[in-house]
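Before any comments, here is the structure.
Chain IDs A, B, C and D follow the sequence of writing; residue 1 opens each chain.
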Amino acid sequence: MLEAAVFYTLAVLILGLGILVISARSAVHSVLFLVVNFLLVAILYVTLSAQFVAVIQVLVYAGGIVVLYLFVVMLVSLKRAPEQHADTRRLGVTGAVLAGAVLLEVIGIVVSGAARSDAPAGARGAGVPEAISDPMLNTEQIGWVLYTEYLIPFEVASMLLLVAMIGAIVLAKKNL
Amino acid sequence: MLETFIIPLLQIAVLLNAVLVAVTFMVLMERKVMAWAQARLGPMRVGPHGILQAIVDPIKLILKEDITPVAADKWVFTVAPIMSLVPALVVFSVVPFGPDPLYYVADINVGLLFIVAVTSIGVYGIILGGWSSNSKYPLLASLRASAQLISYEIAVTMTLVSVILTSGTLSLVGIVEAQREAGVWFGFIQPVAFVLVFIGGLAETNRVPFDLPEAETELTGGFHTEYSGMRFALFFLAEYANIIVISAIVAIMFLGGWMRPFPNVEALAFLDLIPPWIWLIGKIFLFLYVFIWIRATLPRYRYDQLMRLGWKVLIPIAIGNLVITGIVKVLV
Amino acid sequence: MLEITPLHYTALSAALFIIGVIGVLVRRNIIIIFMSIELILNAVNINLVALSSQLQNLVGQVFVVFVIAVAAAEAAVGLGIIIAFYRNKETVNIDEMSLMRW
Amino acid sequence: MDLIWLIPVLPGIGAALNGLVGVRYFDKRTAAYVACGTMAASLLLSLVAFAQLLGLPGDERFHQVTVAEWIPPIPLETAGGIGSFEVPWAFTLDPLSGMMILVVTGIGLLIHVYSVAYMDHEPRPAYARFFCYLNLFCFFMLLLVLGSTFLVMFVGWEGVGLCSYLLIGFWYHKQSASDAGKKAFIVNRIGDWGFILGIFLVFFTFGTLDFHAVAELAAEMPVEAAGMGVLSLICLLLFVGAIGKSAQIPLYVWLPDAMEGPTPVSALIHAATMVTAGVYMVGRNAVLFSHAPMVMEIVAIIGLATAIMAATIGLVQTDIKRVLAYSTVSQLGYMFLATGVGAFAAGAFHLMTHAFFKALLFLGSGSVIHAMNEEQDMRRMGGLKQYMPVTYATMGIGALAIAGVPLLSGFFSKDEILYRTFLHNRLFWMLAVVAAGMTAFYMFRLIFMTFYQEYRGPAWEGGHGDHGEHHEDDGGDHAWHGPHESPRLMTVPLIVLAVGAVLAGYVGVPAALGGSNAIEHFLEPSFVAHAGEGAHGEAAHLSHLAELGLMAISVLIAGLGIFLAYRNYIQRPETADEWAERYAGPHRVLTNKYYVDELYDATFVRGTMVGARGLWGFDGGVVDGAVNGTGWTTVASSRISHVLDKHVVDGLVNLVGWVCQEGSYGFRRVQTGLIQNYAFATLVGVFAFVTWFLVGR
C-alpha cells in the first residue's frame, strides 16, 4: 500500500517533470526540471534499495552533468530565440505521434505480460555471488562485482572519461 | 509507526531548529570574534553583550521588503534560495551526534557519499540565483562560485576517499567507530587529508580567503546582490549551515566525532560524564572559531591563484595522499 | 494494480523513454535535445535498477554505473561541440546545423 | 711423396698472390720473388718426390694420392650397367709423370728466372700479371701431369689452354697478338671437343676415369687388330685432343701465330711443356693405344706428315721465332711418330730432350730479340757472334743438339725414334731421316743468318750504320745502344739449359753404343697395365751393327744439312737467293706455309661466315618477321580490343556509374541534414520492431 503510493507519486512526478523538461520554453527551466527529475529518480532507486546508484545519480548526474548543462545554457546567451528557425522538412510532429504509438505498443506488451504473469521471477543471472539481502551491503557488493567481474569494462570506462575530458578541452579551447 | 514516523519527525524538528538557532548565534559569534580580533566590542546594544542580536537579526530580515527585480526570471529567482538551503539542511540528517540511534536521523551505508552528493546540489542555488537576477555582478559571482565549488569539490572528494580507505566504511557512524577501534583520531593518521579537507571546506563555503564570489570590492555583494528580505535570509542561512556542516564533517572524520579525547584511555573515563552530543558540538564550535579566526587573519586570494591552488596543488596532493594511503593499506 | 511489479517500472521507464524521444524529435534547441537524451538514459537506468532488484542481480546496477560514466563523457564532448559550434554560428538551433548535407 | 699435391698448388698460390694482390700492390721485385720462389719450392718438392720414386723398386713405382673429393658418386649409365661416376682430386706419381714434373718445374723455374730480366721493360702491373699467368700456367700444367683421372687432367688441359690464350694475347693492345690468342684458343677447342668426347666414351666403356684402372681394364680387352672397335674410337677421339694441343696436322696452324706472345712464353708453353701435353696424354694412355693398332698407324702417319711439312716450311721462314715454332711442330711430329710406332718411351725421351734444347733455342732467340730491340726478322740480323758470345755459344749447342750431332742429347733421342721407326716401317724411316736433315739445315740457317755474316740490322746511336735507318723504338723509355749481351739473369738459364741439352741424352744411351737405355727401362712401367709385364713392341731387333749403321746414315744426313746451310749462308750467301729464284714455285708455296691458313680461311672461316650470314639473314627475315608479325597481330588485335573496351566495357562501367548517379539524385533528398529526421528513421525502425514483437507474441 505504502509502496504503491510512493511509486505512483514518484512516477507521476517523474513523468510530469520529464514532460516539463521537454516542453519548457526556457532552457534554464528545463535544466531545473531535469535536476528535480533526477533527484526523484534517485529516490526511486532508494525505494528499490539501490542506495549506491541513487547517490551516484545525485552526485554525478545532478551534481555534475546537469551543472555542465546549466553552464552551457548560461554561456550560450542567445541574441535570438533558438527555436526561431524551423526547417520545413522536419518531421517533428510525425515523430511525436509515432513515438506515442510506440509507447502504446510497449504498454500493450507490458499489460499483456502482466496478464500472463509469466515473468521470469527469480531468474538470476549467472556469475553473481549472492542476493541483495542487506541494504547496508549494497555498496560493498557493487564494488565487489565492479572490481572483479567487470574490472576491464570499468577501466575502459575510465579511459573513455579521460578521452572525453581531453576531447572536451580540445573542443572548447579557442587556440591550443 | 512510532519508529518509522514519529521519532524521525521529532528528530528532524529538533535538528532543524537547532541548526537554525545555531546559525543565528554563529552570526553573532562571528561579529563578536571579529570585533575582538580587531580590538572592537562588536554588538553590545541588544541584550547583555549583545547576545539577543542573534534573535533580532532574523526578525529584521523577515520583516524587510522582499524585492524582485523586474528583469529577473521570477520563478527561478524564487526557487534559487530554496535550492541553496535545502541541501545544506538535508545533510544534517546523516550527521550522528552520538552512538545511539536517537542521536541521528539516519545512518545510511553511503553516508559520506550522500553528504558529498547533496552538498554538490547546493551549487544550483548559487548559479540560478546569480543567473536569474539578470544582472552582471551576480552572474559573474555565480560563475565564479560554481567554478570554485566544482573545482574544490574534486579535491575534497578525493581526499575523503583516502579517509574512507582508512576507515573501511562510508557510514559516518562507522567512521567514528573505526576511530575508536583505531584508538586514535584520523586527524593524526591522515594529517594531510585533514588539512586538505579543511582548506577545501573553506573554499566550498566561500569563506575567506576564498570568498571571491562575495568579494564586495569587486562584485558589490556577490551572487545575492539583488536579493533582499527573506530570500536573502535563506541564502544567508544556507551559507552558515554549510559552514556548520563542514565543521561537523571534519570533526566527525578527523577528530573522533562525539567521542571524548583518547577514548581508549581508561584514566580519562570521567570525561564520559559529558554527553557525546556536547563533545561533537564543542568540536564543531572549535572549527567555527577557526573559520572566523582565519577570516579575521588572512587576506583574499586572487581568482587565478585560487584556481591554481585548487587544480595544481590540492588535487595532486589529494591524489598522492590517496595513492600513499592505498599502498599503506595494502602493505599493513 | 496495487502490487508494484517490475512491469510497472518497465512501463514507467518506457513512458520516460518516449518522453525523451519526443523531446529529441520535436525540440530544436540542441541543448534541450541533449537533455532529452539524458532522460532517455535515465529511463534505461530505471529499467536496469528495477530488474536488478527483481532478479536479485547486481549486474544491472553495475551497468547503471557504466551508463552514467558514458553519459558524463557524452555530455562533456557534446557540450564542447555545442560551445565550439556556437562560437562559429551564434546559434544552437539544430535545423541550422546542416552544412554538411548535399 | 704424399705431398705431391703441393707441387701444383704452390705455383697456384703464387698465381693467386700475384693476381689478387700483386697486380695492384706488389712492386716488380716482389712479384718476381713470389713467382720464382713458388716455382723453386715446387721444383724442390718435385726433386724430393722423384728421388723417393727412384728409391722404390722398379715395379712399385706408382703412387697415388687422393687429396679431396671433387664430384661425389653419381649413378650413371655405362656400357656395363649402372656405374658410379666419382672423381676425386687424386694425383699420381709414376715414372712418366715424375719425369714430366721435373721437366715442367725445372724448365719452368729457369724460364721464370729468365723472364725476370726479359720482362723488365714492362710496367709494374703488367709485370705482376705476367708472372701470375706464368705461375697459373705451371699450376695447370702440373695438375695435368699429376692428375690421376681423365677429368683432373682435363681441368689442367683446359687450364693450360686458358693460360696459353692469356699469354699469347699478353700484349693485348696489339691486334695481331690478341688475334693469335683467339686463334690458339679456338683451334684448341676443336681438339678439346675430341678429348672430352673421348673421356665420355672412356667412362661409358669402363665405368671409371682413373688412368690406372682404365689401363688395367683395357689390358683385359683384345687388341683390335682389324677394324675399328670402341677402343679405337676412344683412342681416335683422344688423339684429336692431342692433335689440337700438340699442334699436329691439321690443327697446327695456331702454334706459329702463338709466337706473338712474349718469348719466354713461347719457350715454356709453346715449346717445352704445354704442346707436349698431347704426347704425354697419348703416352699416359699407352695401353689403350696399344690395343688400337690402326689408330697407332694414324698417329704415326700424322706425326710423320707433320714433321716433314713443318720442316719444309721452316726452311724458308725468316722470322727467327717462327723458324723455331715450325721446328717445334716438326719435333712434335717426331714424338707422335715415335708413339705411333709403339716407342712410347722414345717419344717421352725425345719430349724431355726436346724440352731442353728447344727451350734453350727459344730463350736464346729471345735473348737475340732482346738484344736487337724487339727485332725478329733474321734478315735484319747477322754478325751477332761478337756482340753476344754467351747467347751464340748456347744457341749453337742447342742447334747441334736438335740437328742430331752425335753425343748431344738430340742425337740419342732422335736416333732412338728413327731406329724404332725403321723397325716399324722403312718408308717412314726414310722420310723421317729427310726431315731430320731439313731440321739440321734450317737450324743452322738460323744460326748462320743470326750470328755470322755481316750485321744487317738498324744502326744505333754512337755505333756504325747510318741514322736514316734508325729503328722505331718500341720501348720508348730507353734508348737502344746496339746489340749487346743479355744480363746475367738471362744468360745463366741459357747456360744451364745448354748443359742440359748436352747431357740430357745420356740417360738413354742405346745399347748399340754401349749404354743401357736407362730411360726406357725407367719409363716402361708407365706404358703397360701391369708392371713387369714387358713391352709389346719389342718384336723385332736389329743387330747393334745395323743400328750403328742407321745412326751413321742419320748423322750423315744431318751433316749434309749443316753443310748445305754453311755453303748457302756462309760461303756463298747469294746461293740462297739463287735457289729461291730457281725454285720459285715451291719456294713461294713454302713461304706461304702451303697456303694452309688461306685454305682454312677460305673453307672453315669463310664457310662459317657464310653460314652465319645465312643464319643472320634467316634470323632477320624469318625469325624477326615472325616476331614482328606477332607484334603486328597483337597491335591489330589490341586495336579491336581497344574499340571493344571503349564502347562495350567502358559503356557498361559508365552505365553503372550513370545509374548510380541518377539513382543518387533521387536518394540524396533523403539526406536533409536534419539530424532529427535521421532519428526519426531510427524511431521508425523501433516502431517496426516493437510492432513485430507485439504481433509476434
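Methods note: a contact is a pair of C-beta atoms (placed from the backbone, for glycine too) under 8 Å apart; a residue touches a chain by one contact, two chains touch by 3 or more.
Being a predicted model, the structure only gives us computed values, none of them experimental.
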item: Chain located farthest away, centre of subunit B as origin (C-alpha); value: D
item: Between C-D and A-D, the pair joined by more C-beta contacts; value: A-D
item: Subunit B-subunit C separation of Cα centroids, rounded to whole Å; value: 33
item: Centre distance in Å when subunit A and subunit D are each reduced to the mean of their C-alpha atoms; value: 104
item: Gap in Å, rounded to a whole number, between the CA centres of subunit D and subunit C; value: 101
item: Subunit A and subunit B: spacing of chain centres that average the CA atoms, whole Å; value: 29
item: Residue numbers of subunit A (touch at least two other chains); value: 52, 56, 64, 71, 87, 90-92, 95, 99, 102, 106, 138
item: Touching two or more other chains - residues of subunit C; value: 21, 25, 95, 98
item: Interchain contacts (touch definition) - all pairs; value: A-B, A-C, A-D, C-D
item: Interfacial residue positions of subunit D with respect to subunit C in the complex; value: 668, 671-676, 679-680, 683
item: In the complex with subunit A, residue positions of subunit D that touch it; value: 672, 674, 676-677, 679-680, 683-684, 686-687, 690-691, 693-694, 697
item: Residue ranges of subunit A touching subunit B (in the complex, touch as defined); value: 26, 28-29, 32, 35, 39, 51-52, 55-56, 58-59, 62-64, 67, 70-71, 74, 135-140
item: Subunit B residues touching subunit A - in the complex, by the definition given at the top; value: 73, 75-76, 79, 108-110, 113-114, 116-118, 120-121, 123-124, 127-128, 131-132, 139, 143, 146, 150, 153, 170
item: Residue ranges of subunit C in contact with subunit D within the complex; value: 21, 24-25, 33, 94-95, 97-102
